[in-house]
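As structure tokens, the structure follows; a few thoughts come after it.
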Amino acid sequence: MQFASDNWAGVAEPVMAALQHANAGLAPAYGGDDLTRAVERRFAEVFDHEVALFMVSTGGAANALALSALSPPWGMVVCHAESHIQMDECGGPEMFTGGAKLLPVPGPSAKLTVESVRAALRGFPERPPHGCPPSVLSLTQATECGTVYTPAELTALGALAREQGLRVHMDGARFANAVATLGCHPAEISWRAGVDVLCFGGTKNGAMAAEAVLFFDPGLARDFAFRRKRAGQLWSKQRFLAAQFEGLLAEDAWLQLAGQANAMARRLAEGLAAIDGVEIVHPCQINEVFVAFPDGVAEALRARGAAFYPWITPCDETGGRTQRLICSFASSADQVDAFLKATADCVAAARKA
Amino acid sequence: MQFASDNWAGVAEPVMAALQHANAGLAPAYGGDDLTRAVERRFAEVFDHEVALFMVSTGGAANALALSALSPPWGMVVCHAESHIQMDECGGPEMFTGGAKLLPVPGPSAKLTVESVRAALRGFPERPPHGCPPSVLSLTQATECGTVYTPAELTALGALAREQGLRVHMDGARFANAVATLGCHPAEISWRAGVDVLCFGGTKNGAMAAEAVLFFDPGLARDFAFRRKRAGQLWSKQRFLAAQFEGLLAEDAWLQLAGQANAMARRLAEGLAAIDGVEIVHPCQINEVFVAFPDGVAEALRARGAAFYPWITPCDETGGRTQRLICSFASSADQVDAFLKATADCVAAARKA
Amino acid sequence: MQFASDNWAGVAEPVMAALQHANAGLAPAYGGDDLTRAVERRFAEVFDHEVALFMVSTGGAANALALSALSPPWGMVVCHAESHIQMDECGGPEMFTGGAKLLPVPGPSAKLTVESVRAALRGFPERPPHGCPPSVLSLTQATECGTVYTPAELTALGALAREQGLRVHMDGARFANAVATLGCHPAEISWRAGVDVLCFGGTKNGAMAAEAVLFFDPGLARDFAFRRKRAGQLWSKQRFLAAQFEGLLAEDAWLQLAGQANAMARRLAEGLAAIDGVEIVHPCQINEVFVAFPDGVAEALRARGAAFYPWITPCDETGGRTQRLICSFASSADQVDAFLKATADCVAAARKA
Amino acid sequence: MQFASDNWAGVAEPVMAALQHANAGLAPAYGGDDLTRAVERRFAEVFDHEVALFMVSTGGAANALALSALSPPWGMVVCHAESHIQMDECGGPEMFTGGAKLLPVPGPSAKLTVESVRAALRGFPERPPHGCPPSVLSLTQATECGTVYTPAELTALGALAREQGLRVHMDGARFANAVATLGCHPAEISWRAGVDVLCFGGTKNGAMAAEAVLFFDPGLARDFAFRRKRAGQLWSKQRFLAAQFEGLLAEDAWLQLAGQANAMARRLAEGLAAIDGVEIVHPCQINEVFVAFPDGVAEALRARGAAFYPWITPCDETGGRTQRLICSFASSADQVDAFLKATADCVAAARKA
């Protein structure tokens, strides 16, 4: 009954196999290997667009470095108030950009809208050199609340960004889950919608530690090799970063793994919704379920060994009652069903008490 | 009819006199001069408390450097959404702190309250090392909307900060105006209320370019000499910073200058309030008047040569109609009355049209 | 005939086995796993001293973050002019420390001495707040020129550091090679000699991507979890960093792997020294051979498929003729002998020409 | 007998007069005033070239900000080992550039040469993204040892910089003294020699606190308004920075003030050279005299009330015996002669002892 995080899962089989396969013989260091080049080509195929690929070990590094390539140190990054870059990176974006300001924008289910972004920009008028000029619109797909932007929503946000002179960054730690849900081509929710740089997540989807920064305009990546190096994110044995993506991208493993995680979350959400008194807080669109239990139930579930975290953010509307449950590629229907049964029991017990 | 800023005024007479007086002979550089020491003692008298004094040329430097002494680079500075450090310093606080995050808190008339700060902290729970731990509560006295915190309000906020383990920074660019309005002892709205570091403004109150960073706990200032130096804020001929404060602090010039500015603003606010259709947006408590004119009147006044800026912020509730009028020590009743007359004329003309 | 870098080797068998073994089931993320704790204990055993362990993916991150914990942003890090932190990290130490200055000290074979450090400090007198106060002595064991410090040399440098109020950082990217050569206890060349923080290298010695920052005084590590996180160096699936060290530290694999690399380099150095006209530039003490070939020989060897890099640094005394050859755990006697034969052939051919 | 620094002098008469004159009435803040524009035009006349002018309060800020406009955070600034930016700014250049590396180059009398710069670059080969790519050549005119570069020397260094793809920064804290000595047109030792940005010093030459960053290519200054603002270096009452330069530049006051300081130093140097046992360490070319006294004489002079500092640097060749004596516009022949007499007395006394 472990639903604490998709990071609690290990390495998916295709990734581990690719790591072992990549371990034959010597290979040039620091990205001079053949596998790195092959993976860059593979990404270009997947996205149907030229890409400049930079691999790093964590999502925190991917996002913060990507932002540093898009914003001057005095720029302002417009993001959702519940976004990972605002809430969970311990100031990494501020550090790597050299001090850019994050402007947190509130809104339901961790989604930005054209209206909310416009309102935020209106309240922070450009008065150079006094206010930080807005430089980047940062979107999270799928969002921190497990929701997804439709291609149309992203296209509208991308158009707004262009109109306002902003670059578009996408935190895609769970991009695979979004594609699996939407059933769209990856291009539709990235470069075709105006995304300049996509941080394509591997780790939460079965990699060991691998995130890909994808520049759709290689011109924007001009300095990125320096940025990645000085951040201590250039692996000397880079073939082992590349191998992880080789494993994920071959035979659409990335979509199958994400699809499995999504399906388990859907099963979980549907089961929970059917239990009287359990409230689903956000629509379950990927591998996450946000839920408010009746009083005492979360504690009772934890006492039975279930693992999940409370979800407290500036936009919470449940008075701190929201819990976050995450499935991964390693989740099984049995585990989900066991949790559902435990929940039903705990709810019943709570009602009696 | 110049009400654009108190920064449009020049240097007040007592300050200019002190500068000339300080220009006799040679003096040790970089703060080794007698005048610097004398001014530090004078500040200690004014505040009835030991202080460690560091003088710099701008409020932006004072605030950003003060914050860097109070927050680690990964810390979070809780401030009002309309505060100068958030809206007007081009990311200086982020740069000087090495990347600390500013958490903008909304609320009416640019004032934080115990409730709004508590709510903001509740929405950003400490989950080390993921979220930035809150490190500083930054208060502005008087506020960006020309309002003042009472000693009781500040004491409550200071107590909250101590309870939460936060240091308290006060942006006192218009501290003199607040003291002049409140008629309290400066200690009551600084160290006695829990303020650790006060940025005591000189420039807006008749200095040429002089702001004082006052540490009430000299232990917090241990590294500050290094911070100021590398920021390029250590004047070699520092006696000329000291002289400006000598001029301001002698014979309570600082309170008289601020009092004059406040009085002119009060006259302005009262006159405007009496004009039908003119709305006073925030209570006029210092030398600033925030006002919403009937349609077309602001433009008509500017066409007649009046100078003032629109006031657009995230917390605006007038639909972008607010204008900010500022008086200074150099403002006169004649100027105010001329503006009031022009306003009445323009309002009347607008009504006819 | 690949002697370009120990980074061209793959993952050693015990490390790959440990990675696979660690891949069973779920585990808490971000270092909450049992394996992380076990590895920390294992390091404490190996070093016979309490340690605070922080694992990251690259040596660049390990060194730069370690320095950031030892030096204020205005401090000065005394290091060798040929050290990795000075020559090879693209300014990472400057970035992560928030701007600390590196003071490069020249000297033969990439080794600092008590005399050269004293001379450097003498030439940069403390005049607070003008000059950067020296804060850290950074030592590299083994050095960039493949030489090692003896325990006595390190003890003397450590004593100098304490006398001067400096913390001691050790870049131990090839620490294992140094221990294997010296045959000493790891403690003798680390905490007993005055080292405060050791960056213990895994990657060059058979890991995939794993470096350990070891604080011998956990008090110095107080803030390090924040520093690592915001740097994007906290792996969510940290058990896979821990597993790499589990594999290396079990049954002294780390010393056997380093010993094999060292032995191959010794064989290479002895063979090269026996070839007329080939000059060994630095004593071969670990897994690196620095050599100056007769004119045209390096090019001829590369034409035959040999891989190695020129070694150009501020302290070069061979007029740019030095080449660096590196062996790894994966090097074999056959490969070495093939290179020696090729060299002898190329030298003979060059002589005829 | 005060020869500690030209910073011990006060404000020269033409500057103080300009400050008072500028104090009439109101003026737009933050550089919107007429005087700022007039001074920019005046600088263009003086240099016979279009300039983009940015005024700040200290040389430390001027240099560090100028470097930040010329170098990326991962770049490397080639400078003399005794330069102010290396020895005296407490790491300001590293901070404002976001972590650029300073590469200190040794050489006599604080002067770089084409040969010494070439050697330094040769020892730090570009291996992107590992080493910091050299980005800026920083020259000091006049140097920290009171020597001057001839136009020919600067032209050769400028050509080397262009050849190597480096921008040229000039620290001109004592630029006026250099022009006064050389008798050349200011253009000859600035833009015509290849200087991209000149930090033109005012403070040491009679200003209160005013340094001018002059971009000869305004395109390089594109972002500089943001950099200056966030650094807390944009004066709200900027007319009082402009006034200082108005005072200095009118009727060549800047050259007369510098000429007076130079003449007094020459008188001092010639007098000291004539005293047996007193050694002039560097040629006296501006307002500074570097001298090694016989044993005990420096102490004896200080005991008589003379003020001057020891001059200890990495390039010192006098075993720490060098003392630095500085004259200013406020120095008089009487003061110099009194010091010469005292020196002669002390030398004679030391000889007897």
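Letters are used for the chains, namely A, B, C and D, taken in the order the chains are written, and counting of residues starts over at 1 for each.
Everything below uses one rule, namely that contacts are C-beta pairs under 8 Å (C-beta built on N, C-alpha and C of every residue); 3 or more make two chains touch, one makes a residue touch a chain.
Keep in mind it's a predicted model, so treat the numbers as computed, not measured.
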Of B-D and C-D, pair with higher C-beta contact tally: B-D
Furthest chain, CA centroid comparison against chain D: A
Whole-Å separation of chain centres (CA-atom averages), chain C against chain D: 40
Distance from the mean Cα position of chain D to that of chain A, given in whole angstrom: 51
Chain B and chain D, separation of their C-alpha mean positions in angstrom: 35
Sequence positions of chain B contacting 2 or more other chains: 73-74, 89-91, 95, 98-99, 129-130, 226, 229-230, 234
Interfacial residue positions of chain B with respect to chain C in the complex: 72-74, 98-99, 128-130, 133, 223, 225-230, 234
Residue numbers on chain D that touch chain B, as the complex places them: 2, 4-5, 7-11, 16, 19-20, 22-30, 56-62, 64-65, 89-92, 95-96, 203-204, 208-209, 226, 229-237, 239-241, 330
Chain B to chain A touching residues, read off their complex: 73-76, 86-91, 94-95, 98-104, 120, 122-125, 127, 129-132, 312-316, 320
